Amino acid sequence: MESLSFEYRGGRPLPSAPPVTLVGVVGSGNLEVMVEPADLGGVCRIEVLTAAVGFGPIWQAVMDDVFARHPVADVRISINDVGATPAVVSLRLDQALDAFTGGQP
Amino acid sequence: MTDAATHSYYEDSARERLLGLLDPGSFREILPPSERVVSPHLRRLDTPAAFDDGVVVGKATLGGRPVLVAAQEGGFMGGAVGEVHGAKLTGLLERALDERPAGVLLLVESGGVRLHEANAGLIAVSEVMRAVLAVRAAGIPVIVLDGGQFGCFGGMGIVSRLCDAVVMSEEGRLGLSGPEVIETTMGVEEFDSRDRALVWRTVGGKHRYLLGEAAVLVEDDIAAFRAAALALLDHAPDLSLAALEAEHAALGGRLERFGDCRDALDIWARLGIAEPERLPILDTPTFLATVTDKRA
Amino acid sequence: MRDWNSQGRNREARLARTASLARGKRVPAADARALLEAVLEPGDRVCLEGNNQKQADFLASALASVDPAKVHGLHMVQSVLALPEHLDLFERGIATKLDFSFSGPQGGRLAKLVGDGKISIGAIHTYLELFGRYFVDLTPQVSLVAAQAADADGNLYTGPNTEDTPVIVEATAFKRGIVIAQVNELVDHVPRVDIPGGWVDFVIQSPRPHFIEPLFTRDPAQISEVQVLMAMMAIKGIYAEYEVNRLNHGIGFDTAAIELLLPTYADSLGLKGKIGRHWALNPHPALIPAIEAGFVESVHSFGSELGMEDYIRARPDVFFTGPDGSLRSNRALCQAAGHYACDLFIGSTLQVDLAGNSSTATLGRIAGFGGAPNMGADARGRRHASPSWLKAGREAGEGRNTIPRGRKLVVQMVETFREHMQPAFVERLDAWELAESAGMELPPVMIYGDDVSHILTEEGIANLLLCRTDEEREQAIRGVAGYTPVGLKRDRRMVENLRDRGVIRRPEDLGIDKRLATRDLLAARSIKDLVRASGGLYDPPKRFRNW
Amino acid sequence: MDAQTLLKRLFPDGHDVAFAGDCFSGTGRCCGNDVAVVGTIDNAPIGIELAYRMAGAVLDVVRRHPGRPILLLVDTQGQRLSHRDELLGINGYMAHLAKCLDLARRNGHRVLGLVYGQAVSGGFLASSMLADRCYALPDAEIRVMNLPAMARVTKIPLERLTELSASSPVFAPGVDNYLRMGAIAALWDGDLAGQLAEALAAPLDGDERRALGEERRGRTLARQVADRVRRDAVA
């Protein structure tokens, strides 16, 4: 297993703190994504625990793009991954952040 | 064709099932994922944990009546029971002793004990067993729903039969040792786990219903599961000596009547069902009409 | 004086050696080995019928059991190496040379036997090439085929899995070869004559029905959301754009997803009657909902598919069926149809390089080609026009001073990563290394890059027809290669430029809402849904059931 | 220890336990008390017939001897692995046995278990684990699965499992592990009859295994998690 952590600044805070959102399942080729409001001084923090070791740069690239699509602030994103492909990771994050922000950009 | 009027229970995750089953907006989760009560044992074995340890527990209403519910997530380690997972189930059942809801619903989907924490899981299942019986003894029905992709085996297979009633779809499976376990240990001649038709006619919903192991057989539709669960809330638990003697007689009768059968088809034929080989392909309403008065 | 009938006399000599074994054309199963030892001569070219579906398995094991002192040095010319017996022949020295198309599950063992010098491979073909050579320079002296039933005259009834039998028998029988058929049953009257008895020399009733593999059944339960998204892109970005009506699909969950989205997503786009009407395709169970919804007008098939018999029988307007009601398949003709009469081939692959070449070769396995390259190649000899073909041709020729000509759509549909994070896009195909290690003259390429018109991944569609330089082509491929090393090395500016020109199109460029890409969009999400869609006519093999 | 020796040591005052196949039942006398005994021998796999017979023996005690303590002496390699047992609903038979034991408890029978041979998985679960308290002899063997099989199924290297099992009682076979986790109340050694008498007299307060596991630091989460689920306020 490997744990990875990413932080992004410059996101927009949400007008009100939405409830915690969880999507996905910790199953083979899949992952769960939990999104929570958190007082992080404007930072969006993503914490990943993944069964597949050695894919840090790919995670970095995927997360960069996710943040570009969903520039959120004061949000903590926690991921438990069992070797999901980047396509599935991106999909789950989009689902989770869409649900979390309720369609707010 | 995917029918807009039905919503597959089999396809859903544990959380989706709860949303579809319970009164809209009524579900309140206890120890939600944000509490991060995860299995410490998985981490030590370099295995990813889930924030809810594979089981969602909480309270809600069903048809306006208060219920406590638990839903196992088969997608996470096959719904297997570990220390935290099992303690959540036990705690929920014990909560019923305090709150006295109209019933407890267990949406089971489990391969049994989680091997990564096998001892803790085994003990936890025995605690769940005792808690189920305590809740029933207190007059609160415990209702099992079994229609997920991973079936219900191992200790949870025993737990299910401790409850007041099992509601199954024909996709559901209920047993003790999974076909793969039997094949691995005893050989493919004993049980060919890849022969899916054999697997389903042995442990699938239709056979369980015919044997009387499942009380209700419904279509793979979450609304059908809901309706069945709702109706069973009025079930009065009976764990008296008389009730268990009746069960003993029934199980003895099953052994006598079917003990020499080698295949579900033999049992179905002996139940007086014409063309038993056709049963697997019948849709649920036709099946139910065909087997009326024929159940063991 | 030259003997102009040496082949005929040789045939008579072979038949004379069998006199004590046959009663009429019938030979008991127990004498199968003796028959083969009597008929075969060292060095014969032998065709042992077997494809990825039907297998002449009894004759294969009989051949593998002949005495190598009597029968040796055979040159096997056959479509597929699927059974262990196919390779036992070489291990035992009964055969030494091999010309074939596909080896599938035996690919690893084949590579080893080649390495050990036990097999000398003539060439690895596509089906049409191999069938073609049966009539040119690889004509079999003896063919061993499989059928459902035979009558006393040797007329063969193949049932729905006619497959390769006609082309094999035609090549053998009309060049004075010997045709031996294994059949499941002997009957007084065959329901229809698939192979005339006059072309068949011997018939053996096999102790067991011939093996048949349900190779084209894909359980919709295993289709992922990403595959649904890709299928939406295929339908909206390619089928609708080019009005694709004549087509072939490869085997796989990606293409099954397209089939299952026709009655739902494609219908919602108003595409019924506008796309997907005529197919060169095995009777895929996943096509049932589209047939029932009225999308599909006709299907011609290479072979059949187990469990589809009753459904096909009940839909004669769609399928090619005989007077007996069962399917008539024909691999050679369907391959020809797929090559010349279809506007689109779409299929998956394991690796794609920066020129768009794709390969399913992996190290240590010689897998071969089968039929995909015949479908997945521009038909350079084609002359008839269709809107799809013309539009693709216009795109390919735009800005060039060339005479108007059409193009076939050849689409490679791949997720950027396969299981276990194996990238589908690579700088160099494994096929190169395989070619070097196995001493092959060419790297085994499944679809050549210059035949590929589109590459479709979850990230988008790259239209290679619109690329004007090798560099553009490379960046178009990198631009849909996702987070693979190949994709991460893209020139971002150039990729954005290609996107502006419509060479690369993302789901959002196509107006596809990714949130709709869920399994709810599938017309069937389980095998049982397919049974229901068929009105109970589809009878899936037991391994696919969960009831 | 074989069952005959065990019975002699548990019931020095005598017993009338009868053996039938791989199952035995009867009554022993311990310090003036009659104790009903139900058990199995030879690591018997528990199939539907055996579960059914054991349940019948328990029901018989409840019916004929109200309040008489029940001692389970189950030696089992686990549930019987067979297609036919699954076909006939072995989980239902196991559950029936568990219900009968629970019925006895609720009707005032003290139910005790003593693992003297093997106790494995489903066979253990449906019998001695339903007792008010379960004890074990020091050389008994309790497990779900041995480590090599576990390594195969979980795909975790055997070396890693072996190494971890030295410090964690959570997955590896062993009586001591079950003791630490609270499932085994105590090990019996020496004067078995005396320990049985003590166990019959000891006060009881529900299912105490979680608290015991926490106290012995073998199972640190179960009590706390179950209590939170039972008592946490919910919006």
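Odds and ends about this structure:
As written, the chains take the letters A, B, C and D, and residue 1 is the first residue of each chain.
Assume contacts are C-beta pairs under 8 Å (C-beta built on N, C-alpha and C of every residue); 3 or more make two chains touch, one makes a residue touch a chain.
Note that the structure is a prediction, hence the values are computed from the model and not measured.
Distance from each chain's C-alpha mean to the overall C-alpha mean is smallest for B.
With centres taken as mean Cα positions, chain B sits 33 Å from chain A.
Separation between the centroids of chain A and chain D, computed from CA atoms only, is 46 Å.
The centroid of the Cα atoms in chain A and the matching centroid in chain C are 42 Å apart.
Among the residues of chain B, those in touch with two or more other chains are 46-47. Counting only residues that touch two or more partner chains, chain C has none. Contact annotation for chain pairs lists A-B, A-C, B-C, B-D, with touch applied as defined. Only residues 224-226, 229, 415-417, 419-421, 458-459, 482-483, 488, 514-515, 517 of chain C touch chain A when the two sit together in their complex.
In the complex of the two chains, the chain B residues touching chain A come out as 13, 15, 32-34, 43, 46-52, 54, 73, 75-77.
Touching chain C in their complex are the following residues of chain A: 29, 52, 55, 57-58, 61-62, 83, 85-88, 91, 94-95, 98. On chain A, the positions that touch chain B within their shared complex are 1, 20, 22, 25-27, 30, 32, 34, 36, 49-51, 78, 80-82. If you check the complex, the residues on chain D that touch chain B are 48-49, 52, 55-56, 59, 62-63, 79, 81-96, 98-100, 102-103, 106-107, 121-122, 124-126, 129-130, 143-145, 150, 153-154, 156, 160-161, 164, 168-172, 177-178, 181-183, 207, 209-210, 213, 219, 221-232, 234-235.
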